[in-house]
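Next come two complexes, and both contain subunit A; in the first it sits with subunit B, in the second with subunit C.
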Partner chain A sequence: MKKIVLIGFIALILSFFSIAPTQAAEPIKFGFLHTLSGGVGQVYGVPDQAGVKIAVEEINKAGGVLGRPLEMISRDDKLKAEVGVREAKDLILNQKVHWIQGIVSSGIALAVSAYCKTQKVIFIDTVAQSAATTGEKGHRYVFRITTNTTNYARSIANAAAKFWGGKKVFIIGPDYEYGHRCKKDFMKTYTGLVPGAEVVGELWPKLGTKDFTPYITKIMSSNADFVYTSLWGGEVLSFTKTAWPFGYFDRVKMAGQDWGNMEGLSKMTRKAYPKGVLGGSHYPWWLLDNPINNVYYPKFKKVTGMDAGLAAASGYTTVYAMKKAIEKAGSLDTEKIIDALEGMVIDSPVGPLKIRACDHQAMWPFWVGPVAFTKEFSWPHITDAVAMDPPDKGYRTCSEIEAARKAQK
Partner chain B sequence: MKSFFKQRNNGKAVGLLAAFAFFAVLPLFIGEGYISLVNEMLILAVAASGLNLMMGYAGMVSFGPSGLYAVGAYTTALILIYTEIPFGLALIAGPVMAGIISVVVGWFCVRLTHVYFSLLTLAFSQIIHTIIFGWYGFTHGDDGIVDIPVPEFLSSITNYYYFSLIIVCICLALLWMIVNSPFGKTLQALRENPERTEFVGIHIRRYQLAAFVLSGVFLGVAGSLYCGFNKNVFPDFADVMKSTEMLVVCLLGGIYYFLGPAVGSIVYIFLDKTISSFTEYWPLALGLVIIVLLIFMRGGIVGFFSESVAAMKERGRAKQHVSH
Partner chain C sequence: MNLQGLVIQLLSGMSVGMVIFLIAVGLSLIFGTLQVLNLAHASIYMLGAYLCFWISSMLSQVSGSFWWSLLMAPLLVAMFGGFLEVLLLRRIYGREMLDQFLLTFALILIIGDLCKLAWGVEYHTVDTPWPLDKAIIFGGLVFPRYNVFLILSGPLIYVGLWSLIRYTRLGSVVRAVTYNREMANALGVNVPLVYTGVFMLGCWLAGLGGALVAPMSAVMPGMDMVVLIDCFIIVVIGGLGSISGAFLGSMIFGLVTAFGILVAPRLAIAFGFILMIVVLIIRPWGLMGKPER
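== the complex of A and B ==
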């Protein structure tokens, strides 16, 4: 028995060496680094990957880039920073990719970005939202083609002022840096729009809280005009389930950036959903009308069987952005590609997007609107949404970015 | 150092030198990307061997080695970003700090035994994780610390590889001396039968605390080395997942063999890396491999091979006997 196990084990290890990837005729390789396993992977990495695959297929069918096909090399960062950096090294040093795109965790994005800077390889963040990645920690080799946290807070504040405009604000957010930063950003924009607005109460449940009952009763007994929340992910679902039986959503106005995401809402039914909450969405394809979107979202659904969420459009857009930049540069020279990307306007399912030269942040809009059920879908979604106009207003200005970078040093 | 070789027969000494020579010439044959991976294996080997001093030799199963690993990593990282203290000193400060924290944590932990001991170590590592995660102003919380300044000559992967190879060898040699010293033998006696050991006049807690602290220092070395190598640190270094990884590495290699954890590190990282580049269902594949290894190779990989070699020798001897 032991011999068989031993032989089997050695054979298994040898088999890993023998499977060499088949080489097509000089493809342009790029790395797709994302969390692909676990719950986070299912929600962000897998849809992003599906979008990228669609883009690669479309481009290769149409003749590739500079006459060469694109080849995507996928790696799972397992939501661990050390694995992310390990895989980034593998992609750059062993696979010799021309750029890396993807990543959901802001910490991993910062680490991979720092590594790509030392290797002078382009890294494009397509899901992670920390404003620092293209702000304080930005550099020549990092880009972001999705929104960031600054835009979240500003767009929500903008919508809250437009829809309600009360002066007494209640805050509830996860008790760590992200939650506190969101409060600061939100209040800064909101007091600019509604002078005299103030925080009348704040609650900071710890990250991962499941039972929100004490928080909900406290909020309902406050006399605030509305609540701003930075709760996100699984907490949106737990909060909603707990709050619904209290009649919370009929009595309290609430706004939160993560409350309009298709990923969270698609799991909810008419029995408990954040009714009337002002939620945000990166890609409300049901509200958009442009030629790329009209073709893309049905295709995404057909290929993957999933409805497109926030990560579905950014990776797809990024591949096309790189195609355009490489063609404009006329070569695969990284420096020339960066020059081409800076200030470029790219086409995307959310409409034309400018990639700002000063911080390499795409001016991706963020739509905010009340969550409701319509006849169209079996899940609640944001309706008649507003976005910052122009989208640049959702982001820090170039001079603000410059000042923030200087303050870091 | 003399006793180090004296205790070994020549065959083993030659084997160790050959292993060292193998690692020393490795960069001539494989690319930097793979060297980086081997470097991770070496660093994990120190962490796991350090943990095994406590687990395999002293029989104290810790569920929280990642806490001390993170203390080492963060100490070095914070010194490098906030002060002008040179890299070498920052690197030494990591294990020193891990040692100091181990004294405090260990003082409480050794008062408990078995599963209570394990759970308390887990609790302390969670406390360390919470501090790192929550103290954003100082530790940068969940963003981690990136872009840590490291001297120019160590920023190339190959140079850092040689640097860590030397440190790893020193650490393993020290650990070897520790486990073969009277102190090490006492720990093993303690593992086998604490009551009897106490009757001989051994102060059990004092020995356990010493093992805990020594183990913590080596975990700290690994953390600091990793910090300098990757130039970034993250709260998940102190996470339960990281502790589990170290425990699996020890079990995989064999906790009753000195080189078990080191071999476990090599195999674990190799499997982790290769399987996940072929399939998205890597946790399934890795889990299956680990189950097979644990069921059919109870003594870990090293245990399995040394048993096989012993059995083969035995058979050879038996055959000789018959032919005579």
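== the complex of A and C ==
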């Protein structure tokens, strides 16, 4: 009698063990490190997190990666480099994540990238745009699945040549390194497309200028064919508000990378908006027609109630890219995953993307088109957009990257 | 550059100058009477801009919402200023300049964060109000009515303030306190009340400046810092404590900025500072100020 009870007891215990492994294979952990707090978090980190969550749920529902589910561990870098590195350390040393993705600030991205290099863990930048991250400061363990700054001025120059093609260019931009570098990049590409083009005037309002009146009147009295601007963020709105009553947008042609951003334009009404300005967008979901976007965009809107911006699309894409790479490598060995990622073509809401082997930068296109109101939306947006074809043209070539890295050393 | 371009640039400069005048004159007035250099003055201006945005968006169903907020936002700002004076500034009049700087600098951070807390970090704006949302077209000139309104409101405020100080009983009390506070006190003037009143008036002017900027630009965090530096340039040029000096300084500042952009855009940022240095060398007490007694 006792024996029977004992055997029954053992059988019961064994049954627990036998159920457990099939219920949950050990998850594949990855770190999601992003600015989640504050206004920057609201615009970039939180939507990115939502996009990543959607990807993780989809993948786990379909059976996971190599039969194991994905587990995302979220951390807030609080927009501070030292917090970012501290969280990265914890993710790698204690949580044993297989890769880290996210980050909006280029400064934090560089710091985390440098740390991941020492730990030989993959870091994928999904929002921060500094060209240096995959350029001068690039290494084997850092990737970027989004655009970078090099692409902006080049794509705008490409579109300006296509839409207008005048020779007299006027420049207005914020007076620091970014603005001056944009001018240089723009003119380099533009003179290649329109030989003989020249700068006929340039204005450099100081950062944070609120009253653009004298700048606007000066531009309007110049006889330039069009204006290239690298003004961005709040200055897009300030400039537009001041310029509109002058009839500026009916009389002056202007192009600028930050003038097609959904985040900036969604506040504007028919009473004042950058009418006809050639603006840029990383993810113009309203213009894209591919199977992934057609499913992803409405789903994102349904789940989150937000319109999908750039950050959400790149976070989502990155999770799928890692799935594909791990499956191709057939293991979780970091070196094998990196080999798989190099040169791989991944699917994304913006269409197929190549991850270049030489600098680990995804060839993410940047679309440029005239800003207008249509019946579809209650805010102005870019229409008839063009992108560099192939998208590689928007980025530095591999030999340029190599030269830049050598010059660093 | 043709004549038309010059005229437009002249008007632009005046429009820039008159907005900044409203803010600078408040700073100058407060310093003249209270002997406090309020570093947070531009933050008060920013608060005015935010309140204008907030009130006009709450009243968006009401016609003339901007005009209501133009009326109410500066008054709310003045009341807030009154609070600051009674609760905080009043305690440091006798102390050193450094204590004043510490307190008013802290206020910059506090007001900045409060604005972020209340209205977020995104950019806001206010629709240009009827009937100023069109442009005046004269010959080949196109100039927005709203900027004309700004150009006109500057001198109006200036004349109003100047007459208030010059011709009213209230004005003579303020002048008496400014000239000699102990004597005024001995003669039965309620000096603390005058201080509070002048501080509120200064804040009202800054709030008005902020409310007027909202429809022609963006309301956002950080909009205070650039203006603060411009205001310092103006009061140094015009003379700290002088209403006429602030008016003259603002006009010069606006025109120098506008024509600087016209002739030497690469140096445009520097012109204001160069002018300030020249004035400091030739006439350290400013164009309309008085040498220290």
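By our rule, the second predicted complex is superposed on the first by the 384 of 409 C-alpha atoms of A that agree within 3 Å, B and C clash if a C-alpha of one lies under 4 Å from a C-alpha of the other, contacts with A are read in each partner's own complex, and residues count from 1 in each chain.
Note that a contact is a pair of C-beta atoms (placed from the backbone, for glycine too) under 8 Å apart; a residue touches a chain by one contact, two chains touch by 3 or more.
Note that the structure is predicted; figures quoted are calculated from it, not measured.
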Which of subunit B and subunit C A:Thr118 touches, first, second, both or neither: first
Subunit B versus subunit C as contact partner of A:Leu36, first or second or both or neither: first
Partner chain in contact with A:Ser130 - subunit B first, subunit C second, else both or neither: first
First (subunit B), second (subunit C), both or neither touched by A:Tyr178: first
Which superposed partner A:Val104 touches (first subunit B, second subunit C, both, neither): neither
Partner chain in contact with A:Arg75 - subunit B first, subunit C second, else both or neither: first
Touched partner set for A:Ala55, first subunit B, second subunit C, both or neither: neither
Footprint overlap on subunit A, comparing subunit B with subunit C: 175
Residues on subunit A engaged by subunit C in the complex (per definition of touch): 38-40, 42-43, 175, 201-218, 220-221, 233-235, 237-238, 241-242, 244-247, 264, 267, 269, 271-272
Residues of subunit C that touch subunit A when the two form their complex: 1-2, 4-5, 8-9, 11-13, 15-16, 19, 116, 120-125, 127-128, 133-135, 142-147, 213, 215-218, 220, 222-223, 225-227, 257-258, 261-262, 265-266, 268-269
Subunit B partner contacts - residues on subunit A that touch it in the complex: 1-2, 5-6, 9, 12-13, 16, 19, 36-37, 74-76, 78, 80-83, 85-86, 89-90, 92-94, 106-107, 110-111, 113-115, 118, 130, 132, 137, 175-178
Touching residues (chain side subunit B, partner subunit A) in the complex: 31-34, 36-37, 40, 133-134, 136, 141-144, 146-147, 155, 157, 226, 230-232, 234-237, 241, 270, 272-278, 280-283, 289, 292-293, 296-297, 304, 308
